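You will see chain A twice below: alongside chain B first, and alongside chain C after that.
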Partner chain A sequence: MLNVEEKTTTRRDFLKKTAMVAGSTMLASQLSWLRSYAGEKKEKKGEKVKIGLVGIGSRGHLLYLHLLDIPDAEVVAVCDIYPPHLERALQMSQGKAKGFSEHRRMLDEMKDLDAVVIATPLHTHATITIDALQAGKKVFCEKSMAKEPEDALKMVNTAIETGLLLQIGHQRMFHPRYLRAFELIRHGQLGPVTQIRAYWHRNGDWRRNVPRGNVADFADPAMYPDMEHFINWRLYRAYSRGLMTELASHQLQVANYILGSYPTEIMGAGSINHWKDGREVYDNVNLVYAYPNGTQVIYDSMTSNKHYGLEEQVMGPKGTMELEAGLMWSETPPPAPGILQLINNIEHAIFDNIPLGGASWIPDTPVKDEGTPILDEKIDDDGTRLELEGFVHAARTGELYRDLLVQGYYATVAALLGWEAMVTGKVVTMPDELVLRNIQ
Partner chain B sequence: MGTRLELLIAGSSSSRHQALAAEAERITARYESLLSRFVPDSDISRLNREGWQQAVAVDELTFRLLEECGRYHRLTAGCFDPALLPLITGKRSPDEEGGSLPGWHDVVLDGDRGTVRLARRDAGLDAGAFGKGAALRAVRDMLRREGVTDALVNFGNSSILTLGRHPHGPHWPVGIPHLFRPTEQVHVFRMNDTTLSTSGASTQRRPRGKEEKLHIMDPRTGKPLQGWISVSVQHDDPLTAEVLSTALLVAGEKEGKRILRSFPRTTALFIRYDEQKARTTLLTSPERDETNQGKTDI
Partner chain C sequence: MKDTVITAYAKKRELKFYALSLLLAFLLNILSIMIYHTSWQELYTQLGTVFELSLVIYLLLVVIRVVVVLVARALGKDLCKKARQAGPQE
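This part shows the complex of A and B:
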């Protein structure tokens, strides 16, 4: 078991190594954070990034655990309107962080904060992010960016205006396996990508335990009528777009990145067909995203069956990739080794020549119907740790990762327009006013 | 031996197959432990290390095999030579001054004591051209003893042993795929109780994982064979098939014809690749050993 110091070095070295490995390739020249690591920009020596963490529920708690493990980061403030969560965070801080129940108080009082990490419910992302940027802080905001497309746009514009880092929590952009997949795809391994199919299937009501209590004790009752709405915010339209913003945006981001574009037409249908428990968001969503080059992305997510799990299936005339499973296949695999073919023949009562005899200098090409791993190394992180390391690195070097911000933005917009398509039952077109121009 | 062994037994139950496969594995493991120069305390390794200083005692199995190697060496006019290790490893360059090339003549067998000695310091044995065949022969004998009638054993694609016939046809039809167009077959052997062994030479080193694929050495020049050639030999005996596949590769078609007179009931297929085109020559030796009967037209 590595001690904390070693583990951290390993992860940072891993990030660096990933950048180095990608260094001489297409991807490195295109992805800002890789470029930044490969370029060895000088980090300011000895200065830790002082972080204020806002929203320490289930996701925020995990982010906090990671941040505690990153030596260059120092969580000096924790902020949560929900007393039990704030309490827990203060305990985790072991006296090192000051507690707040309101983010503006935190920004006002902690003048020496460098950065803010936001993991609050979706509908508060925009306000907190914009306030933090305007207070001169670098921001890491969990996905999705906002509940309304206009808010997401405002967040981007504020980042540009203030010239500060705004990083959105799409961890797959830091995951070595995804990076390798992107690399291979860009090198034409699949040929042109002619379809992407992504899905996220779970089986569960997505509910948290609702403790007894009076929400008015700590939150605005105009915003949250009761504890049920406060705790299970994901299920209500005032706070969330359900599966689209809480799950789908990750996968839509990956699809956007692979296609190098954003969808221009969106259509779909959703419903509540199983969890009829008073929720307002769909328990199954089904969408088709059309991209300008004629490629479609088919997306669905549902929460009454977990058999198929989650996946992004990327298809082209030369091959296939499954990014979550981390496997790839060729459409024209080498001929099956003789024995497999022989067994197949015998089982089908076929008497046919078996191509077996060959000089042993012909390399044995094993059939891998199960697919070839995209990355041989096993990565025990889903990218969250790496993206936080990347954030801390950027905070120290002044990197802006604008390309990642654009990714985060269009992922959010795709999710939100998907929601709109389902709610209106119409084909939604990407509005011109939502298209980003001149991002620096 | 770093090679995959695949055992296909027609009509066997799963448990019986498991038992037979396990036994086959045991047999090949034993041969490896005796013959592999990559196993530090195998007979071959010990011989290579200490044999020039003193006579080395070896397992009876090893000794008998080495005796057979001597016989093959003679019958193939020296084209089969398992004592070229220094040339293979590069310890001895063929162009080096001073003394003859290493070879079988450096290996001294003492039948009374069952020991083996090397006549000089830089001599060495490598079982790469006969070890698989020997093991395969033992596997075949085991399968026959166990009453298996129809089976196919594939040892790394370079040695294929058959018993009986394909479940749906009169023989096992084993094809040699075209090197550059693997869906095409250059030749198909119809096999019943025979072994097909293939050796190949190429001008390129083709690294396979950590182990570099070795050139086939010509014992007469000490240099690796050039060009893209392969020889596939079909014979009743797995060891003979393997030995001949290398020997005939070294000998070439013309000299190969002569050698085949000492090996009845053998078929040899030469494939030469020239600009991705395969040119084949098929040689077959008659039923009886003709060597003592004067010239024969094969």
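This part shows the complex of A and C:
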């Protein structure tokens, strides 16, 4: 087992290596966190980043586990309105963190906090983020940013006004395989990208078990009428935009980054066609996002079939990439070795049927080639650990990662406008007032 | 079960047949590079395929040789039988 110092060195080396491999040239000039690692901006020696963790449900629990393993991070406060989650977090902290049931109290009492990590239900992100920024804390907030585009805009503006770091949890921007893919795409491996298809398919009702209890004992009953709404908040419109904000925003962020823009027009349809259990958000969504250069992103997500899983398929005249699978294909693969061509032709000459009449067309069946790996190295982390490392690094160096904030913002806005397109049944155009003017 | 003896002559003969197969496979590789205009690097990058092909050619030769021997034996027996039936020649 590695000791702390070795672990730190290994992790830092890995991040530096990622920065070098994935962003040796073009990408490094575009991604602030890669620049930061490649340039080895000096961190403050010996000081840990004191973090307050708000929201310690399933995602928050995972973030906490990662933070406990990051030597430069120290979780000194944990906050959750749900007592069982708070108790579990306090146990994990082994007495090193103070517990709170209200984030404002945490901000008031813990003046020495450097940063706040937020993994609460979507509808609370904006309030907690803005409060934390105004209290002078650097913020990591899980995606999506907010339930309403205007709230996401307020979050960005508050970050700019306070001059503080606001990082949104889009871990694919830290994943070496994705970074390598971005680099290859930027270098023209696929030619100009002409279409992106992305999907996320699951087969499950997306429900959590609802424990017995009175929600009024710990939460505002005006906000949550019962435990079902409190626990399964993802299924109700008062708290969430369902598949769009919980899943699609990740893939829309990837599409936005690859296309170097945000969608200008969105159309779509969604429905509840399988899980008719009282939920209010769609259990299947289908959208087309149009980008300024004429490229479309075709997106769908469903919860009644998992055969195809999740994928982002990026296509251009020279090739195709599947980013989740980590594979790529060329439209003009190199010819097989001569000897194999010879054997193949001899086999065809001997065993093929003699055609009586030529086929009038050849069916456009999919290419069965196994593809080439985008990155040879296998990465166990889905990027979450790396993005938290990146956040802690930024908190120590004073980096702002504004480019990542822009990514998080437009991914959220794209997801929310997709929701609006489905709910209204109309083509939605990106409103001018939602376009960021004060940040690049 | 009887012991089987493989003579030195038989071993040499089989080695010669395999060497011939290997040579044929190698020549086929050169020929295919010329026909399909692929890289001359395939002379060494495709050595694995050449060895596989040489084994296939060797097995084909074994089959052909077995057939030839069987046919020759059958024809030989038939000729002897006809000779016996014809009786002594003047």
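As a working rule, the second predicted complex is superposed on the first by the 394 of 440 C-alpha atoms of A that agree within 3 Å, B and C clash if a C-alpha of one lies under 4 Å from a C-alpha of the other, contacts with A are read in each partner's own complex, and residues count from 1 in each chain.
Keep this in mind: contacts are C-beta pairs under 8 Å (C-beta built on N, C-alpha and C of every residue); 3 or more make two chains touch, one makes a residue touch a chain.
Because the structure is a prediction, the values reported are computed rather than measured.
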item	value
Greater chain A contact set [chain C / chain B]	B
Which of chain B and chain C A:260 touches, first, second, both or neither	neither
Partner chain(s) touched by A:192 [first = chain B, second = chain C, both, neither]	neither
Partner chain(s) touched by A:431 [first = chain B, second = chain C, both, neither]	neither
First, second, both or neither for A:341, with chain B first and chain C second	second
Partner chain(s) touched by A:163 [first = chain B, second = chain C, both, neither]	neither
Chain A residues contacted in one complex by chain B, in the other by chain C	335, 337-339, 342-343
Chain B contact footprint on chain A (complex, rising order)	334-335, 337-339, 342-343, 345-346, 349-364
Of chain A, residues touching chain C in the complex	335, 337-343
Chain A contact footprint on chain B (complex, rising order)	3-4, 6, 8, 10, 152, 154, 156-158, 160, 166-169, 172-177, 179, 182-183, 185, 188-189, 196, 198-202, 206, 208, 213, 230, 232
Residues of chain C defined as touching chain A within the complex	28-29, 31-38, 42, 45-46, 49-50, 53
